[in-house]
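Across the two complexes that follow, chain A remains constant while its partner is chain B and subsequently chain C.
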Partner chain A sequence: MSDLNAQAVAKYRTNFLKEVEERVEEGEWVKMCMQCGVCSGSCPLGPFWAHPPQEIFMMIRAGRRDEVLTSDSMWMCTSCYNCIVRCPRKLPITHIMHGLANYAHRLGLAPKNQPTRVFATMFWNNLIKTGRVNELKLSLGLYFKDGFKQGIQNALNMQKTGLGLMKAKRLNPFELFSGHGCKDRKGIAAMLKKAREIEASRKHFAN
Partner chain B sequence: MAEEKKVAAYICQGCGIGERLDTANLAKVAQKEGRVNLVREHAILCNAEGVKMIRDDIANEGVTHVAVVACSRRAKTEAFNFPEVALARGNIREGVIWVRPDTDEARETTQEMADDYVRMVCAELKAMKLPAGNPDAGHSRTLLVVGGGVSGMTSALAASQAGYSVVLVEKTGQLGGWAANLHKRMPSHEPFKDPQDTGVSEMVQAIAAAPDIKVYLNATVAQTSGAPGRFKVSIATESGATTEEDIGAIVQATGFNLYDASKLSDLGVGSSANVVDQAGLEKLAKAAAAANEPIRRPSDGAPVKNVVFVQCAGQRDASGTHLPYCSGHCCNTSIKQAMYFKDANPEIDTTVIFTDLRTPGNGEDFYRSAQRKEVTFTKGRVSRVEATGNTCKVNFHDLILDDQNASIADVDLVVLATGQVPNSGVNIDLPAEEGAEEEGKKVVSILNLSYRQGKDLPQLKWGFTDSHFICFPYETRRTGIYACGPVRRPMDIVQAMEDATGATMKAIQAIENAALGRAAHPRAGDLSFPRVRIEGCTQCKRCTVECPFGAIDEDEKRYPVFNEGRCRRCGTCMGACPVRVISFENYSVDTVGLQIKAVDVPDEFSEKPRILLLACENDAYPALDMAALNRIQSSAFVRAIPVRCLGSVNTIWVTDALNSGYDGVMLMGCKHGDDYQCHFVKGSELANYRMSKIDDTLKQLGLEPERVATYEVAITDIERVPQLINDYAAKIEEIGLSPMKGF
Partner chain C sequence: MAKKEYAFYPGCSSQSKASASNYLTSVNSMCKTLDIKLTEIPDWNCCGASIGYAEGGELPRHVMNARNFALAEQHLPGQQVVATCAACWLGARETKERLDASAQLMADTNEALKEAGLHYKAEVEIRHMVEVLIEDFGYDALAKPVVKPLGGLKIAGYVGCQTNRPFGIAGESFENPMYLDKLVETLGAEPVANYEQKVTCCGGALAFSETEKSQAQIKNIVESAYDQGADLIVTPCPLCQANVEIYQEQINKRYGTKFNMPVTYYSQLMSVAYGGSSKDAGLDGQLIRAPKLEEIAKK
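And now, the complex of A and B:
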């Protein structure tokens, strides 16, 4: 159990709804759900989720903390915004799903090899290094996420596309070694640090 | 009337009548066969000039009976309004030219149709008298309100504001009813966010301040006799004395009782003191507010930290054990009660377990406000409430997560949303012994009517006192007595206040109509009333039993006593009477019977059948008119006669018609049964029953059973009605013409 998780459990005990309200992006909306099910019915991926949004909201209210935070359901959201458009209570459902996924990731409870989580983590780590996404490193990282052998296989499969991109000058192999970033890397790091501080105080991560 | 009867017929040529029909021939028929004293044709009878012509004849020629042969009796009623003469309408527009094709081959049968309608209107008119109004009219302008709750007080105040004096009878020692026991009520105005003060004390003050409201507390109605405008009501007070009041109309606002929670042992009633119904929580909340303390659980007085509201407790029960219906107010009430806790202390856990949350009116805003206050709403069905020491465990089936074993433990207080049971007195439709003793509890009559048909208002469904939720709200089956509030259907305070105002307006209309000797709804303003030729009566009691409105009592010699003020003028008694001694001045066995006989029935070789159509004037006849308006064609062999209600159809009309050579008789009335649409409640049902017995008569005459057919018709059956006529005409052709012709 991560420290943050232990601290959250200690703080909120059984009141998971309150935890969500205070710590999850747009979490204060969860209580306004009226259980009509329009979000679940509107979701193009609805049939593939273990728990569509309506159920997630119900589980939050019922205090099923572990079940919600370890679920991969909210990671399935593709941000199509159908649910937001249709929700009669105007809940920002897409944002809540991303907020929940992010919070579960923070606490270290999100499912380990959930592909969206892996990719999102890679993307973020790649981005904050230089302040700019290095596409070559990102895609190679993705090729090799399931081991070296599979990585080679993936690279060979994509060979033609890669060469085509190089020919069209959309891909520079030298980016692999250094790559170029933003002008003020330190500034970006400072900015991110400040943002984390604000978030921590706003979401009560500190206490 | 002492003066001589002078009959005049006016034949209109407008709306295409003149082009389609030979009106000169119609005039000849009226003169020769109808034997009227005066016949005039006019190009457009309903215009100022045409109407003036009729008025001049009434003034100068002494015309006493007017036959207007033009459009349907439902059209141009303002133009053809001559209250000083007996008026009958011959329908040759909607009844004839609009339902017939304008072709050469149809011309002959169309003309025959119109000729018949002229014969019919002349025959009808001869049997008619100008109705004189009920001579036994009462003139009391006092309203009796039974029940001093919110509905009753609203009614009393509304009547008082409209200038009518009120007698208010309340069985307990104080006004206010259920609402007086509430801590707060649901919000009734913007922004619908927080519970508000009940307002009961202001109403009680207003009643005390109104000079024309006389309040009887600790009092009941010992007896009610009479009729609208002249009710005599004895009021029994606590001292045992009775006071008599003259009353014009009555509003029954006797409200409800909560469903007996002791029947809900599965939900912990009896096993834990911490399981209460909504009224129980109001009591706790009121006591807590008075002491300025938090709400405490009954078992040990500890402050409540966790409360669960169970919706639909003993309600909406399909199994038949508990109430089958929804009481409508309880979702909002539980939301309000959850706010009692949240407003005092947001840390208290409040959970509402519902299957379908229904928050009518502006309750949606109230619901949202509760969600903002962090009341938890859980969709589930509670299976059991277990008592464990000073707390309870609420087990439920979570319907969203489909979890059969969901539960909430450590609950300090469980509030059951039980339903409203109407306080409507004795169910007069039950046999006497059962009605008096229902499940061990003595049911006490509320109005103690001295009516032959029973002491209280007839009930519609599940014990609620009403005659039709949708078509005629507030109308009961006792004229001049109106029900409002939760005794009529389950409802909350806002609805009850609206209801009470509506019922009061109806009661005032009844008072005014009664004073003028006129009928109340649905024949409001009708001056005719049933007259009985008592020397011909055989004391068979059919009229007294079958009257849907309990208007007819019996005297010591068991002769019927008509209370005209209670009568709705449907004529069900007239239809029931086997010796035909009951009639109205302008509607009788003769007015219809002579029309039937006036029709020219061609001989059996002519291949022109005649079908009699007796159509209810409330739904079937308007449907026929609308079909005509849409120019939907139907058979030329049908002769339609509007009747006040199918219940007024006397079987003699049917046998007379068949005897005089008609080939078939169609009866069109309203839907009957549990979800009836009959404007006189029982009329169409009785007609249907009577016609089911006519087979014997048909057999005696040697006729096929198909020669009499009964149909249920709604006012919207505009395309179906002509279809029914045409199908029936085809069937008559198939079974052949009646052998009874020419006798």
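And now, the complex of A and C:
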């Protein structure tokens, strides 16, 4: 068990709803769900959620902590915002799902090789390096995430598309070495470090 | 002096030789005709996009957006921030809304921004280019500079998600927004009336991580355009454009389809209708060329 997870278990004991309310983005909305299921029916990837949003909300209230936080479900969110605009109680469902995924990821409970978790982590780490996304490094990183051999295979599968994009001037092979980026990288790094510290203290990650 | 001036937030994908570089090309051409002056926010950064939440968390994400706001306030005071990317606009609007609603979050954000020598005064306004066109100009004004009406073209207006939900364009419905169809009509083309996949999600960032699931979505989006007799699809979102265009080849392999449907930006249609060349409209940036549109541009 990660330190952060052990600390959370000790702090909240059996009150998972309280834990979600205090630590998960927009978590204070969870208790407002009236279990109508419109969110689940509206999700483009709905059939692939082991537990659709309305079920997740009920599981949180029922204290099914491990089942929620180790679930693959929240990682199916495509950020289409259908659930948000249709929810009769106006719950910010998309953000709650993002918040739960982020919390499970932080505690080290999210499924390890969940592809969206892997990609999302790569994406953020890619963009904070220079302040802007390096699309070439991001695609290559994704191709090679399952090892070198698979990476070559993936790159070959996308070869025609890649060359087409290069010809259309929508992919730059030289981004591997340099590429776009902000000038004040130091400032961005310092600002993000501070933001992480503040967030940890607000969400009681430290005590 | 230009008719309208805005602080411009182009976003990562619109940079030169990035996946939506032809979007920016066409936006520049369109803005020249409409006399819109866009000044890039100096040293702008990524908004975190729809997938940044997992590793980034809450405050770091808002701080990234607030840095752009603070830079805009400092260097381009009084100008509204205009984004062309759907995700940039959504991410920025979301941050603005959250900060406006919480004094605590605002204070925390400014404490972090101080590390980069910046301060956000909460004076910024965030717009999407489509809002600028519809609200600051209006369809009649947008029709005036049309010199090459796009007659004979039938176009499926694929609105997608992020310019439509959760904020959307004022006065439009989430389930059947009409602005893209109206824009198509304004340019002299025929909008597809019953495009049932108009607001379907293309999978967004999950096109990279959940390939099969997203491609099933994209297949529906393209198929429905064919079913309705469309010559091309038009969209306001760079990720929609890339996903729906780029993956047609893989979808053909997976499903045995023969898709070859051009997917363009609204600004490319406008650039051509306003007399721009194929190059001005960034049509040389299409993976799937749009021959009928290129023909009109050549006339």
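In the analysis below, the second predicted complex is superposed on the first by the 204 of 207 C-alpha atoms of A that agree within 3 Å, B and C clash if a C-alpha of one lies under 4 Å from a C-alpha of the other, contacts with A are read in each partner's own complex, and residues count from 1 in each chain.
Please note the rule applied: a residue touches a chain if its C-beta (ideal position, glycine included) is under 8 Å from a C-beta of that chain, and two chains touch if they have at least 3 such contacts.
Note that this is a predicted model, so its numbers are computed, not measured.
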Fit or clash between chain C and chain B when superposed on chain A: fit
Partner chain in contact with A:N154 - chain B first, chain C second, else both or neither: neither
Which of chain B and chain C A:V85 touches, first, second, both or neither: second
Which superposed partner A:E55 touches (first chain B, second chain C, both, neither): first
Partner touching more residues of chain A, whether chain B or chain C: C
Partner chain in contact with A:G99 - chain B first, chain C second, else both or neither: second
First, second, both or neither for A:M34, with chain B first and chain C second: first
Chain B versus chain C as contact partner of A:F119, first or second or both or neither: second
Which superposed partner A:Q7 touches (first chain B, second chain C, both, neither): neither
Minimum Cα separation, chain C to chain B, after superposition on A (Å): 19
For the chain C and chain A complex, residues of the former touching the latter: 12-13, 15-22, 43-46, 48-60, 62-64, 67, 104, 108-109, 111-118, 161-162, 165-166, 168, 174, 200-201, 203-206, 208-210, 213-214, 217, 246, 249-250, 284-287
Touch list for chain A against partner chain C, complex: 25, 44-45, 48, 76, 78-82, 84-86, 94, 98-99, 101-102, 105-106, 115-121, 123-125, 127-128, 131-133, 135, 139, 142, 157, 160-161, 164-165, 168-172, 175, 180, 182-184, 187-188, 190-196, 198-199, 202
Chain A partner contacts - residues on chain B that touch it in the complex: 357, 367-368, 371-372, 374, 376-379, 398, 400-401, 406
For the chain A and chain B complex, residues of the former touching the latter: 17, 31-32, 34-35, 54-55, 58-59, 61-62, 89
